[in-house]
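There are structures below to look over.
Two complexes, one shared chain (chain A), two partners (chain B, chain C).
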Partner chain A sequence: MTDPKLVNLTIEGRAVSVPDGTTILEAAKTAGVLIPHYCYHPGLEIAGVCRMCLVEVEKWPKLAPSCATTAADGQVVHVYSQKALDARKGVLELLLINHPLDCPICDQAGECELQDYTFQEGRADSRYREPKRFTPAEDFGGDVMYVTNRCILCTRCVRFMGDVAGDEALCVEERGDRARIGIAPDHDLTHPWAANVIDLCPVGALVSKDFLNKARAWELDRTASICPNCSQGCNITLETRDADVVRMKPRSNADVNQYYLCDEGRLNYQWINRDDRLETPVVAGQLASWEAALSAAGAALKGGAAHVVASASLSNEALWLLKQAAGTGKFRVTKGAEAPLPGVKDLALRADRAPNATGAERLGFSRADQPLAGAGKVVVIAGDDCDGLDTAALAAAQSVIVVGTVAPKGLPANAILLPVANFAEEEGTFTNLRGRTQRFLQARPAPGLARASWMALAGLVAAAGKAGAYDSAEAVFAAMAKSEAAFSGMSYDSLGLKGQMAAGAGVNA
Partner chain B sequence: MGYPHKSHPRETPILSKYFGDPEARTLEGWKVRGGYKALPMALATDPVAIQNIVKESGLRGRGGAGFPTGLKWSFMKIGDGKPHYLCCNADESEPGTFKDREIMRWTPHQLIEGCAITAHAIGAETTYIYIRGEFTEPIAIMEKALDEARAAGVIGPNACGSGKTINMWVHRGAGAYICGEETALMNSIEGRRGNPRIKPPFPAVAGVFGMPTTVNNVETLAAVPHILNNGAEWYKAMCLGSPKSTGSKLFSVCGNVARPGNYEVPMGFPFKDFLYDLCGGPLPGRKFKAIIPGGSSVPVITIEEAEQVKMDYEGFMEFGTMLGSGGVIIFDDAQSMPRQLARLARFYAHESCAQCTQCREGTAWMTKILERIVAGQGTYEDLDTIFELTENMTGKTICVLSDSCGAPVCSGITRFRGEFEALISGKRSSTVAVPA
Partner chain C sequence: MAITTRVVDRPVDESSYIRATFQGLALSFKHLVDPHKVTVQYPEEKWDIGPRWRGTHRMLTTEDGTAKCVACGLCPTVCPANCIKLVPGEDAEGNRYPLVFDIDEFRCIFCGYCQEVCPEEAIHLGRHYENAEYERKDFIYDLKRLTSQTHPVCEMWDPADPRGE
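Let's look at the complex of A and B:
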């Protein structure tokens, strides 16, 4: 591949070199200048309609829309010249003449680009003396509500549905200030990826019905994570209010999910907050201390070869420690319909509705529809909950060790239960279907005495008399990277927040 | 003026010579009147040579912008392996303009011949004549003339026996003013919403269906056969003012005037003579007050200014307005300028395609302010707001609809501020009594 030709220009006094064909708006980002904009989005076709990103280019008679103007050699760009500031101030005033100032009841408040830029560059008052236009809100179907009055007609949603989702459900209806986003006859926003229009909307015009009036943006804590709902491994931000996950948002990763997250993925988060959790170790029906439970489990593991039932929702760290403590085993994966996003290469809601089947396979675990079948005297169930399994096999076992977030049904009376955190409550890694290993961070505390799964399983390794002592997920990963070829050369540092492919694998996914 | 009256002796009827003559509509009738002489000749000529003749003639776009036609054609790279397109802009929606309608209505073959020559000159095999949807009669006449021309082999796969393909189709608009903007027109032809596109790319690079395209106005194209028949020098000689403006121009006259209609005069004709002689002056007992000379999008001027104007691109520019499309709208002393301008602003607010913020919101806001002033609820600050708003709406959007709303309004306030202030101070209502 030849290096692209570079062009050199000056933006706000800073010299910038960018590949030929880059827009001024993108070039400015490399100079640390975010030019205010609404209709522009890096994942969408350029529309150039909001006119918010106007900047002054020396020697040009008119202001240039920086999203639609290609950077060229020798350009001198002024983002904050009086002329450019006046133009943008004018756009903001015009956007606000019909925009209701209902920020106190708007879900977007606090993460609203109209608020942000108005605060940054707008007028303190409005000269508008006429009544504001009023159009009722509309349910667009799926998770999407359209609050017409707040719409600034940037058309990001229209372009996403048409160009990226390949479903021309949305359009601009009417003209002039009567214009609004319309929905095509017999269409609604039930496309599997439609809810992305909510994230794309720069204002509070498209809002999530699920999140409606639930929390204020500034009350939320945000944690980088990986969507646990299928094997695509979309990068997400887990948003928590107090300790509850209230929303999942896509986090951009050009190699995995670009800017998007499917509806099924983003709306399937309530289980993270369930409150019927296993909070204390249990030995034979009695609450126990971790020491007592681990020593009972260690004794059981010494009693014979274990039959291991694992889960593709466990982290690589947990699975590797499970392998150290009790050997590899079987896991099952719930299947669902695939739902691709046509506009993005290799992005889909995947049939495997679990995040780490690839990691489990690489660590030596294998798929089975009935992972309990053939169980012997000692059974270890890690992460699976036994729903739909033939639990008769458990009754015949001498000892059953469960490492889980909930107590499965159908356990024998002498079962040992070790409560662990779910993925949102601990650190770890998942490996997606293309073999990209990605980190997720802790977003909320685990309930009661539940421990991070790596910690619980590290305890089990020690109790079983196997070698190895670990004081963090990172240390577990480092040890795993040394012994497992699939993770060779990786570390938490090298994974960063965008993940890494196994050595020798392709670049994509 | 032609139909329904006789031509005025001071007119130079070239395009309008057969207005009102139904026989000129037929292929045979048109041939008898000198038609289809230029086309076979053109088809045997090198396209670049035709471009050069038109360049030499000084013909400029009659749709409003006045861009040199030959130069525009020369942007089309002949032989680049791509299909080229010619779009004839017959959307004529500019308030006050109705010259293209009459060309299509009376002399459809004049336009077909012009289109066919131009198509050849820019290397296009396909021409779309995009006609305003409301033009039901011209559409029917154009369709009929095209059928005739196709049947006679004048256009089609072997146009005039030249072996060249010249296909021509009428595309009917659906009633949006903005579809007269060339990039919106192309979107409309493609079946999309008629929204103007960002330029660049310019139509000559990526136009309709992404291919090199030239968009010309009806009147521009209709002039082409005459230039080829009579030569560039003949056309250039029709010039009474600036040498940069040549040929004859149709002016549509409407409003408070004795004889409204279309008049064809050479470029540079004195506007005073035009108004008082050709158009017959004001209605009995009235006086001219203000004129919008180039369709509703250009600044309004006072009658005192108008009387000094030479009617060409430069002449109108000298007085801060534009020749535009040649739609002369005349207001007399019985009209309230605030009321007229509020009505104009309302038109632009209605027709804004709603893409650019300044236009979508600005045209509507301006209309609301003007209508409030007309209703006697205005303030002096409103006038300042209108000027600042116009500043925000000018030169910052994809197309010039936004600019076109501010131009007549601001020029009107500048020139007739007293009328606005009278309304604001409550001294006068917007309906001015007709002088006895």
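Let's look at the complex of A and C:
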């Protein structure tokens, strides 16, 4: 790649060098100045319809919309000059003419750009005395509800559906103060990626029906994580309220999912909060302490070669420790329909509905439709993907060790159950289908005595008399990076929150 | 060292108890006939408490008897004592309303922020001080209790003098 030509300009007194072709708005971001904007979104075509990003450029006769103005050499940009502030205050006042003041019942309150910018730069009151326009809310289908009154017509949703999702379902209907977002006849927002319009909407006009009236934005704790619902490995933010996950939002990663997350991924989170979890170790039907359960499991592992059934939902750390304790084995992956997002390169809801099939394969585990088939005397089942399997194979086993979040059905009476945390309750890494290893962090506490899966399996490694002692997920990863070629040179620090490709692999995931 | 005492003769008009006794009786008699009374005959009589008295809460209701609260979550957010538990829900018409609205009056410090922040003028502190209960759990006021109480509510500020000047 050749070096792009740089242009030098001054924004708010700060000298900025950006590649030629960058807009003033993006250039200002590099100078640490966020110019207020509604219609502009880095993932969408530039529209320049909201007029919120007006800034003053010296020697220009008029204010410039910074989202649609290319930065040029020698420009001197004033974002907070009186002229620019007055213009943006006027824009806000006009936007608020018909915008209802229902922030107390609006789901967007607390993360609303209209609220934020009005608070920063808007008028304290309105000079408009006429009654506000009222139009009832409309169900757009899928997970999307359209609250017409709150719409500021930035058209981000229209551009997303048309340009990125490739389904021209939305348009701007009517004119003047009756203008609103309309849905094309016989269309609804059931496109597999349509719910992204909720994230794109800067105000509370497009809201999630699933999240409606559930929690306020400021009550939520946010944790960086990885979507566990397919092998794409979209970066997400798990948003929790009182330790319950209430929604999943995309977290931008230019190499994986840009700014987007599919509907199936974002709506499949309820299982994280399920309360019928395995909370205490069980040995032969009796509740047991961790020490007793681990020593029983260790003794069982010494009784012969283990048949290992793994899960592609386990982290790399857990799978590697499983391999240390009992050897590699087989895993099953649930399949589903692929659903690509046409506007983004190499982004789709993938057929493998598990986050870490690639990681499991790189660690030496192999796919099988019936991973339990051929079970021997000692069986180790790690993960929860074995529900619905033919458990007849287990009847012959002398000992069965289950490392899972819930107790599977059809276990023999002498089974040893070790309760572990699910992905939202522990730290770890997943490797997506392009080989990008990405970290996820702990968002909620594990129930009862359940341990993080790396911790439970590290205990199993020790109980089985194998070498290695680990006191954190990071230590497990460091040891794994030393012994496994697929992870060589990686560490939690080098992964960061955007992930890293295996050495020697391509750059883009 | 031995302790010695010295008795000093005092004039009889200073040391006589008879004069003091009559002085005291005179004061008592004066109070018997004087109509000025300070003691309030509680509970038959009650003090008038100030308009800005901040006592236990009330939730005001709309004409149809349901709470005015729209479960916006501002009061649990602003509450410095963390005593309000709110779970929002949605009714049949899609309106937001509180499924659970519990105030722990033991934790409450009666600062009045909840009343001040409420955009619907729903939650109010009460001009009320008789709060005794038989059980500790009864001090966690639920929505039913908050809406059914009828005592007068606090005026956060005097409408005639909103700045308190």
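Details
As a convention for this text, the second predicted complex is superposed on the first by the 508 of 509 C-alpha atoms of A that agree within 3 Å, B and C clash if a C-alpha of one lies under 4 Å from a C-alpha of the other, contacts with A are read in each partner's own complex, and residues count from 1 in each chain.
Going forward, contacts are C-beta pairs under 8 Å (C-beta built on N, C-alpha and C of every residue); 3 or more make two chains touch, one makes a residue touch a chain.
Everything numeric in this text was worked out from a predicted model, so none of it was measured.
In the superposed pair of complexes, A:172 makes contact with chain B only, with no contact to chain C. Within the superposed three-chain model, A:95 lies in touch with chain B and out of touch with chain C [touch as defined at top]. With both structures placed on the common chain, the touch criterion links A:34 to neither chain B nor chain C.
Of the two partner chains placed around the shared chain by superposition, chain C is the only one that A:104 touches, whereas chain B remains out of contact.
Once the two complexes are overlaid on the shared chain, A:215 sits against chain C while remaining clear of chain B.
Look at A:497: by the touch rule set out above, it reaches neither chain B nor chain C. When chain B and chain C are set side by side, the one touching more residues of chain A is B.
In the superposition on chain A, A:368 contacts neither chain B nor chain C.
Within chain A, no residue touches chain B in one complex and chain C in the other.
The residues of chain C lying in touch with chain A in their complex are 70-74, 76-77, 88-90, 94-96, 119-120. The touching residues of chain A, counted against chain B in their complex, run 46-52, 54, 61-63, 65, 68, 87, 90-91, 93-95, 97-98, 127-130, 152-153, 155, 171-172, 174-179. On chain A, the positions that touch chain C within their shared complex are 103-105, 109, 137, 212-216, 218-219.
By the touch criterion given at the top, residues 176, 178, 193, 198, 349-358, 360-365, 368-369, 372, 381, 385, 388-389, 391-392, 395-398 of chain B touch chain A in their complex.
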